[in-house]
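All chains are identified by letter, namely A, B and C, in their written order; residue positions are counted from 1 within each chain.
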Amino acid sequence: MGAGHTHKLYRHGHSPVHRMPPHCKLVAVLGFVVVVVSTPREAVWAFAAYAALLGAVAAVARVSPWFVLRRLVIEVPFVAFAFLMPFVVPGEQTRLLGVEVSVPGLWGAWNVLAKGTLGVTASVLLAATTELRALLLGLQRLKLPPLLVQIASFMIRYGDVITDEMRRMSVARRSRGFEARGVRHWGVLAKSAGALFIRSYERGERVHLAMVSRGYTGSMPVLDEVTASRAQWCSAAALPVTALLILLLGWTP
Amino acid sequence: MSLSFVPSLDVRGLAYAYPDGHQALFGVDLTVERGERVALLGPNGAGKTTLVLHLNGILTGGAGTVTVAGLPVAKANLAEIRRKVGIVFQDPDDQLFMPTVREDVAFGPAAAGLRGPELEAAVHKALARVGMQEYADRPPHHLSFGQRRRVAVATVLVMEPEILVLDEPSSNLDPASRRELADILRSLDVTVLMVTHDLPYALELCPRAVVLSEGVIAADGPTGDLLADDELMREHRLELPFGFDPTRKPATR
Amino acid sequence: MHVPDGFINAPVSAAAGLAAAGAVAAGLRGARRELGGSALAGGHGAERTAPLAGLVAAFVFAVQMLNFPVAAGTSGHLLGGALAAILVGPWTGVLCIAVVLLMQGVLFADGGLTALGVNITVMGVVTVLVAYGIFRGLVKVLPRSRRSVTVASFVASLASVPAAAAAFTLLYAVGGTTDVPVTKVLTAMVGVHVLIGIGEALITTATVGAVIAVRPDLVYGARGLTAPLKLRVGGRLVDAVPVAPAPAAVPAARSTRTVWITGLATALVLAGVVSFYASASPDGLEKVAADQGIDKKAEEHAAADSPLADYGVSGLTDARLSGGLAGTIGVGGTVLVGTGVFWAVRRRDGARRGEGSGEGVRAGARDAVGEGARDGVRDGARDEEAV
């Protein structure tokens, strides 16, 4: 992944999607993905409509399609799995480009690819239009246990610091002529990982001291609350509701 | 007001052993008057950090007493003590644990119950005192080391502490940041206890110095006099930088 | 390894989500006990949890980026579940992995949002619990030495990876969107993951060894292996009063266990019931279910009169539409139930936290004069009372 904590997916902007309250966006994306996942795979055109919906959101948010496509790389291992399906799944066989493939396998591959791609795209759009800080506030607003949100925000705050330490250790190793080439060198790398753990844990203890010194007693003061107006909820709901309509209207004879 | 005759900090016969049996303090006596700037010098392992952690009650339970502005450090008034004693830890990354500078500075007063415009005003004032107002909405890890240290100072200044305790304030700073921090510290009308190995910095900022060695105060006097005492310095493993003459430049107040 | 959306059907994803939520809730409680038990500041549980678990999560996140070259340009990385479990304890481990997965899903689009529950269950809960269970068991059986810790770490982390693969295959068998031959998949998955597990085990063992060599007190799973403290009394060494061992194997008091079992049972029932309805949709699950002998159980449940069943079958004639609808409604219902459970847990949590933090400060003072031992015992007793 190599992304560190510098929220690489975020694209700065001032579009209506950027301005939408984070918890509305989270709910909208989750709702949308649930509808997508619940859609029967035979409804090929429904998936096309979902894709068009996401395209519209991307256009409003001014996120380039190229950026979204590049991020789809994350799916690759499962794409490989999907491509295997037509060959390993038993069932009715058919010929495609001169190769024997199974029909249920093809459907399975299509199902995974379509839903997975739509899911990743929706998540990428969420991440591209929402700042880290806002995401945490959104999760907090959605009543995630406060302790969980605190842990997540500490992870975000220090992910970067720890990754930097790891990078410095790697530079130090290489400066002394060490280059990890194979399994033989795992011991050295593991020692680094162990040292990194100790540093992380000790830093956690120091952070705790610093917090207690400033009056921390176990709960974070809530400084920022994100709020959403009815109008904002409505515009956020547009995505999942339209998707649901597509799903429902699709089969009315 | 009669209160102004009460010393900011009064430590009497403080002794402490860690739970593992290692004894760090063997009866420390130290009085710091209101408005004084005192340097706490001493070799590694002298018990400096242990002493500092007693000042706001993170460590308690040994023999002796610590009194801050007339208020004894005890379980019952820990919250008040932690408001009065502002500790700036050595690594600003440990101290700045919130996602943005503004939230970090607000953490202490918010934990004490301050909210709304008063909180905003307090945060703004504290950031202004260290010249960091325009960085309020930046995440701490996007700042330079010197800037992070200044924000760390602001996070405790915002509590309007009775005494500011700085742990190695000049470590890792480039000469310009070092100078800026010195100017800021000089401009504050607050009692300062500065733990440091940086003897020129101590001489520059603190008219008085105490030497902590093997868990007791081994010397107490004008900083210039202590630094000029070769035998004392050697005995406690304190060394002046090459070419530095402590008698040439008197401490400024 | 992160499962994307659409791989596992909606009802099973939701059920896994509920199981994951239960595990995280249990983790939030358990982590407080685990992180409060270190030698430096015993009893600070509640207030130490956030910074320490946060930093451990950051560590897991970072260490997953550390590349271990295998051969010829390929490399692998640590999954970290077993490592986290051994280093910081099972509950903190589950919690940290869950937070890492949550952040990866939301920030990096890594792993589908609807598959978050599946990912947490497979990579967090199963990995951590299997690893920790085996580790603890071996450490108890083997002689008290560092070599035993090494052996136990190796076996535990080796087993944890194929266990996760098997768990995933099982979920796939129940809620997979295509009926690939389950036994074949299981064999292939477990086979491949045994190989990956060997790598994971080598790295985990070496890392645990590196930590034990420097700060043995930080290795949660190996607490209690350190030599008893000595006191110097009149020039002679005498044994110090032994500190109460950290509640390692059973860190969860009854309260946690109740939440945990309730959550798991609900999730299982839901998985059974709801996926049966889902199988009305043309996902071709019946065969898989029959292979696995799940259909029998599901049929019993189907006898129960559920509005969803009527809705799914009779209300609408189009099978596909009713299938999709039933799925959506099923997920909605599951999410509602899950939220309810979470609410209840959260409110009890909140009440406990207030009480816990006050204790933390007092405990700190006592610990400073070396009375941490009694505190630990008291803490445990209080938890029992809280049930």
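Please note the rule applied: a contact is a pair of C-beta atoms (placed from the backbone, for glycine too) under 8 Å apart; a residue touches a chain by one contact, two chains touch by 3 or more.
Keep in mind that what you see is a predicted model, and the values were worked out from it rather than measured.
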Which chain has its C-alpha centroid at the greatest distance from the C-alpha centroid of chain C?
B
When contacts are scored as defined above, which chain pair ends up with more C-beta pairs, A-B or A-C?
A-C
Rounded to a whole Å, what is the gap between the Cα centroids of chain A and chain B?
43
In whole angstrom, what separates the CA-based centres of chain A and chain C?
20
By residue number and range, which residues of chain A touch two or more other chains?
132, 153-154, 156-158, 161, 203, 207, 211-212, 216-217
Multi-chain contact residues (two or more partners), chain B:
58, 97
Junction residues of chain C - those touching two or more other chains
40, 51, 361
List of chain C residues in touch with chain A within their complex:
1-7, 9-10, 13, 24-25, 28, 38, 40-41, 44, 46-59, 61-71, 78, 87-88, 95-96, 99-100, 102-110, 112-115, 177-181, 184, 202-203, 205-211, 213-215, 218, 281-282, 284, 318, 320-321, 323-325, 327-328, 331, 342-343, 345-346, 349, 353-354, 356-358, 360-361
Residue set of chain A touching chain B in the complex reads 132-133, 136, 153-154, 156-158, 160-161, 203, 206-207, 209-217, 221, 223-224
Sites on chain B touched by chain A in the complex:
53, 56, 58, 79, 82-83, 85, 87, 89, 91, 93-95, 97-100, 103, 106-108, 110-112, 119, 139-141, 155-156, 159
Complex contacts: residues of chain A adjacent to chain C
1-3, 5, 7-9, 26, 29-30, 33-43, 71, 74-75, 77-78, 85, 88-90, 104-105, 107-109, 111-112, 114-116, 118-120, 122-124, 126-127, 132, 135, 139, 143, 145, 147-148, 150-159, 161-163, 165-166, 180-183, 185-187, 189-198, 200-201, 203-205, 207-208, 211-212, 216-220, 244, 247-248, 250-251, 253
